[in-house]
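Consider the two complexes below, in which chain A is the common component and chain B and chain C are the respective partners.
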Partner chain A sequence: MAATVLKRLAGAVLVLWATATFTFVVQLFMPGDRATMIINTQAGNLQNPSPEEIATLNERYGFDDSYLTQYLHYLGDLARGDLGVSYNQHQPVTEIIAAQIGPTIVLTVSALILAWVISLIITVLATGRDNVWSRAATGFQIVTAALPPYWIGTILLVLLAVQTGIFPVEGDTSVIGLILPALTLAIPLSGFLGQVTQDEFERVLEQPFVTSSRTRGMGDLGVRLRHVLRHAVLPAVTLSGWALGALFSGAVLIEAVFSRPGIGGILVQATSGRDIPLVTGVMLASAVMYIVANLLVDVAYRYVDPRLRTA
Partner chain B sequence: MTAITLQPRAARASRTGAFLRSVPPGVKLAALVVALYVLAAVAPGVLQPHDPFSTDLDSSLLAPSLQHPFGTDQSGRDLFSRVVEGARQSLAIGIGATALSFVIALVLGIAAGLGPRLVDGGVNRFLEVLFAFPTLFLALLFVAVFGQTVTTQIVAVAIGTAPGYARIIRGQFLQVKGSTYVEAARAVGHPYPRIVAQHIFPNAMRPLVVMFTLGVGQAIVWASGLAFLGLGVAPPSPEWGALLDAGRNYTTSAWWLEVMPGLAIVLFALSVTVVGRHIQERLEGKVKVQAL
Partner chain C sequence: MTRRSTVSALFSALLAVAVCACGSGGGSSTKAAALGAKQDSKPTTGGTIEYGHYQEPPCLVTTWVQTGYLTRQYLEQLITVDEKGEFLPWLAESWDISDDKQTYTFHLKPNVKFTNGEPFNSEAVKVNFDNWFSTDPTRRNGYVAFHVEDHIDKIETPDDLTVVFKLKHPHHPFLSALSQYAFGFLAPSVVKAGPEEWCVRPVGTGPFIVEKWNRGTNVVLKRNPNYNSAPGDVENKGPAYVDGINWKFLKDNTARWGSLKSGQSDVIYDIPGVNWAEANERYEVLRHITGGRPSQLALATDHAPFDDVKVRKAFQYASDRRKAVETVFQGAVPYNGNGALSASSPEHLKDLEDYYKYDPAKANQLLDEAGWTEKDADGIRSKNGKKLTVRIVYGAGSIISSDGSEFLQIVQDQAKQVGFDVQLKPITTADFFAGKGRQPGEFEIQPGYWVARSAEIFQVVWKPDAKADDGTVLPNANNTSRLQTDQVGIWQLVRQADQEYDDAKRTALYEQVQRKLVEEQAVTVGAYPLTVSLALSERITGIKLNASIGEPIFNDAYFVKGK
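So, the complex of A and B:
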């Protein structure tokens, strides 16, 4: 067990190094002179900066060094947890991210939990039955899995906040203010997780051990909860690590819809301001969380499926 | 003579009839919706009740009504006509982004699926790295490095979505390569290039047509997401993403400016998905859910 975990950790570190290398290499393709670009973005218009101004920036960010030197500096800084300094905000990227990442993590994790709850309830109650409800549930899942999150968010915002005033309109950071954004992210994900779980649930319902439990006199709901569900959640557990990445994409959009504080605002601002260190910093931070989440999924998988513990 | 020519025609007609009967009504409706979108892109004038560009300040910010089904914007322009007008550019962005995404994915997927084990391993690792980044973040990195233009918007969506397609294409090629009919062709002694051209390629590529159709809907959703964040480009024509972006300031006062262009995108993506899935089911039996 310990050896497996160590092997996974080594793999994770390798992927992390590769993601850092990828973001570094992409920067090299930036068209035009980088120092001039930074000066222009900061000034907000096109101008011809003096050679001294350019030289100062080149000196500060090390643009004159060879690519190899820049790369080694970049990796060395990363190893010390230093993501560089934002071009536009003149603050260390790690500080900017640390100040804003809390609300985003709260949002994505609550959305993931909510999506699981919704999809499990629908799966346990509706799968393998042929009635209006189960068909409505399937329809709901197909439709919601295809809906863009910003649109669901807008609809919920208009219906439940603007028109009826049940929920705060925007910028609210309390638990009440979390409900609509988390629900917005959870709805399409629950459709997706639900479809995957239901396919597996249907397959497991036909297994011999289900029939044998029924002949022992177990009630229908008991069989579904105690025996079928445990098998049926496995594919969705695997997908949850992937889902976290999808939730980050969605969170950026949803934070914009509800004017919530978080990583989305920084990322959008940094992208339009072409603040490369901040953009790559946010990407690396999300990659770290993605990798950690997938490590956790590996562990969770072993917990749900005891057959893997000895392997 | 006439009898001979008529007979196959009649047979064909009844076959068309049988085909139409076998299509569920929901799929027919979705196909009709897709056709309307194509019509809007080809000949927008046919569907527009008003001039999409004529302003009328007396009727600004009107809620949806029979006269203005999607309402009007702050300059009194008819939103429905503007959405119809934007179909051409939005579909072009969606098709362009998907096409580019497929080119990237095909190069990676075929190299991995058909190439030596070393190449497969390399491509696989590379994809694993790309998967560590959320789709939208990959697209944003591209926009940040190359600046905001129509081209970068298309390329950004293509780059964001390509890793997913590459993995599916690689899987397709590996699956076909390991199939019994390829093994049989080898046993018969066909040269490998001929097996690739005759068996592996056509069979591995077949599902891609449907995947492409589904992809266009997804690409439009991603591109409009970029525009929604204010990272698209405001073009002269009312592209759907640009309409969404413009409507954002009015969410609390004039909801239709945000909801209706979104509805246009959702309806298109949904119809394309329903039609695409139906074709896929016809070709290959029950569809398995896959992450795109």
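So, the complex of A and C:
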């Protein structure tokens, strides 16, 4: 057990190191001069800064040091938990991210739960039946799995918020303000999870133990819920770790559509202003999310499939 | 029903719903009634204005014009200006100009305090100017420096309420510059603390106080209860009528417009082009055409093919820019054919608007005369085996909006008809600010604007390149056409005009500059001006846009009773 934990931890550190190194290397190869960009972003206009101005900034941020020195400094700071100060906002990166990550986590987790609920309801009720409803439901899943969230978000916004006023146009952090953005992210994911679960569900429905359960006199819904589902959800559980990461990036767009606070706005601004400390911070935060999600998936796996507990 | 037809049925159902949702009721009668009610109403106090803005700045004090709209609410300047171009008192009660025009003395309003209790006095003015001229780039204010650093010799503070600017030479646009948004004063302790402090907790003397900035969401502004420094262009000389402003960042056009329609916002900024007609039908609409250099295409004169004035003129004639602007902006933004100056600048020459009317025959003739006579199968011209290729390098999403990109595509398409191979090179914001594609020789055309109130922008955007002591050339990045104006007699006119205090004579000189830039040199292709638009719900009134750069002013704003 201890060995597993250690292996997991080492893996997590490796992912973080790779993320940090990747961001560092990428920014070195971006065109243009970093000091010039910081100056022009600050001024909000285009100018050719004087050599003195550039020298001041190169000195302050160590842009003149060798790449190796810069890299070691950067890793050293990271190891101490110091993500540095944003070039454009002039605030500590940890503070900026800490203030914004909460709403994004709430959004992605709610979207994942909602996606599961939708896909499970459709799967349990519709799979393996041959009627208009089940076909409509399957069709719905195929369509939604392919829909871009941005488009769904705009449609939902226009229909349910702007036109009818049922939901607020500006997604605040209240529960009612969470529904539309979470639904926007959940709909395509539910289609995707549903597709995966359904295939497995259909396969399991034909297994001998299902027939034997039925012959024991169990009702259809009971068989589906207690026996078939347990087997059928495993692939979708595995995918959920990946899905959480995908939702995190999807949230970037959706937060803008619903004017929600969150990490998305920061990432867009930081990327367009090439605010390296901030971009790195957000990347690392996403990597942490991803690691945690996959740990949770492992735990869930053991819970859903008892055979794995001894493995 | 097969699976596929289920899918397509669902799809069309979704589409149908979406299309229906676009229709809307309302009408001009409701608007007339609301406007009537507004006119009859008396100022009420209280309430928080829900204001839906668009761009969120990275820091609450920068010289980006988008930040200027926000800083107007908490930072104040020495003077302001009205629509007639008359300068009005603000933090300066009055001012005198010496006979030799080289000493400007400002008498400050007494008993004005920053909202942290520090006094506003001559020392505070000096501290701010010193900070703006700092060599530390994170402190330096590029906008202020471009406009006045070349002209100020020294700043003196003979007493608490007097500030004296000694100029190196007369500079008529000095007052006009001071009336612009980038000259707002921060409390000296905040200046001292640096950008870490002023980016999130700026402190000024303005009608509102920054209470909190929730990144990605809003800036919460509260009324300054002790406000006593109202500018000359507002009615209400005391504290604002409303309790505060919730300045929200609604980046998505649908969300911003929807927020106004659903009543979640009282006012929104930047009415989307597709909603322009409906906005005018239903709401009170305010619009400000910003002065200075409009969005125009600067043609690079330092290398082929635009080193030849005939080719520059041919490009001017090659596209129907007026129609392109009308098509793309649907009336929300007007055409600005005089590329030298925005139509709202007082010196703007109207007859230059259509100087280069769409005329492909003339364009073809000019290109023939210039020797670009060979044509390939696609109709692209060449000369001595070299293709007539021009690259339009532009900051996509920053300098040029998505509507602006559409405009460029129309120009590209039409210029192709006469034989130009126009290549569009969009550059991301970060790369553009880092200098990518903007160095001399990397572009033939660079679109851009530079806000200012009037022709004072000439000395910023047409300044010839400087030379360092060791002889290296320091290119003026704002002079995107690369025209060395001192070699064609334009820079001399600009200098002369800037020092001329006789209004008629000065205007005549600025007009000459425009004629030379447009008619003779043909270096700037006019497009459209930067435009500020606001739509107001029937609940709110009294908001206006500043005459200089169009910042929204909320000093006089109040909620209409019973709405």
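Here, the second predicted complex is superposed on the first by the 309 of 311 C-alpha atoms of A that agree within 3 Å, B and C clash if a C-alpha of one lies under 4 Å from a C-alpha of the other, contacts with A are read in each partner's own complex, and residues count from 1 in each chain.
Note that a contact is a pair of C-beta atoms (placed from the backbone, for glycine too) under 8 Å apart; a residue touches a chain by one contact, two chains touch by 3 or more.
Owing to the predicted nature of the structure, the values given are computational and were not obtained by experimental measurement.
Chemist: After the alignment on chain A, I want to confirm one thing: do chain B and chain C clash, or do they fit together?
Modeler: clash
Chemist: Quick check on the superposed pair: does A:Ala99 touch chain B, chain C, both, or neither? Answer first, second, both or neither.
Modeler: A:Ala99: touches chain C, not chain B.
Chemist: Which partner chains sit in contact with A:Asn40 here, chain B, chain C, both or neither? Use first/second/both/neither.
Modeler: Second partner only, chain C.
Chemist: Name the contact category of A:Ser249: first (chain B only), second (chain C only), both, or neither.
Modeler: first
Chemist: Touching A:Ser272, do we find chain B (first), chain C (second), both, or neither?
Modeler: Touch partners of A:Ser272: chain B and chain C.
Chemist: For A:Arg214, decide between first (touching chain B), second (touching chain C), both and neither.
Modeler: After superposing on A, A:Arg214 lies clear of both chain B and chain C.
Chemist: Between chain B (first) and chain C (second), which, if any, makes contact with A:Gly165: first, second, both or neither?
Modeler: Second partner only, chain C.
Chemist: Taking the superposition on A as described, I'd like to know which of chain B and chain C A:Leu157 touches: first, second, both or neither.
Modeler: both
Chemist: Is chain A touched at more residues by chain B or by chain C?
Modeler: C
Chemist: For A:His73, is the partner it touches chain B (first), chain C (second), both, or none of the two (neither)?
Modeler: A:His73 contacts neither chain B nor chain C.
Chemist: For A:Glu52, decide between first (touching chain B), second (touching chain C), both and neither.
Modeler: second
Chemist: Once the two complexes are overlaid on A, one stretch of chain C runs into chain B. Is it 114-122, 402-410 or 456-464?
Modeler: Only one listed stretch clashes with chain B, namely 402-410.
Chemist: Report, in rising order, the residues of chain A that make contact with chain B in one complex and with chain C in the other.
Modeler: 30-31, 142-143, 154-155, 157-158, 162, 169, 256-257, 271-272, 274-275
Chemist: Would you tell me which residues of chain A are touching chain C in their complex?
Modeler: By the definition above, chain A touches chain C via 30-50, 52-54, 56-57, 85, 88-91, 96, 99-100, 132, 135-136, 138-140, 142-143, 154-155, 157-159, 161-163, 165, 168-170, 255-262, 264-266, 269, 271-275.
Chemist: Can you list the chain B residues touching chain A in their complex?
Modeler: The touching residues are 125, 128-138, 140-148, 217, 221, 224-225, 228-231, 244, 248, 251-252, 255, 258-259, 262-263, 265-266, 269-270, 273, 288-289, 291.
Chemist: Under the stated contact criterion, what part of chain A meets chain B in this complex?
Modeler: 15, 18-19, 22-23, 26-27, 29-31, 142-143, 146-148, 150-151, 154-155, 157-158, 162, 169, 192, 195-196, 199, 239, 242, 245-246, 248-249, 252-253, 256-257, 267-268, 270-272, 274-276, 279-280, 282-283, 286-287, 290-291
Chemist: Applying the document's contact rule, which stretches of chain C touch chain A when the two form their complex?
Modeler: 1, 3, 6-7, 10-11, 14, 17-18, 21-22, 56-59, 62-67, 135-138, 140-143, 146, 194-196, 199-200, 214-217, 248-252, 254-255, 257-259, 261-265, 397-398, 428-436, 438, 448, 450, 474-478
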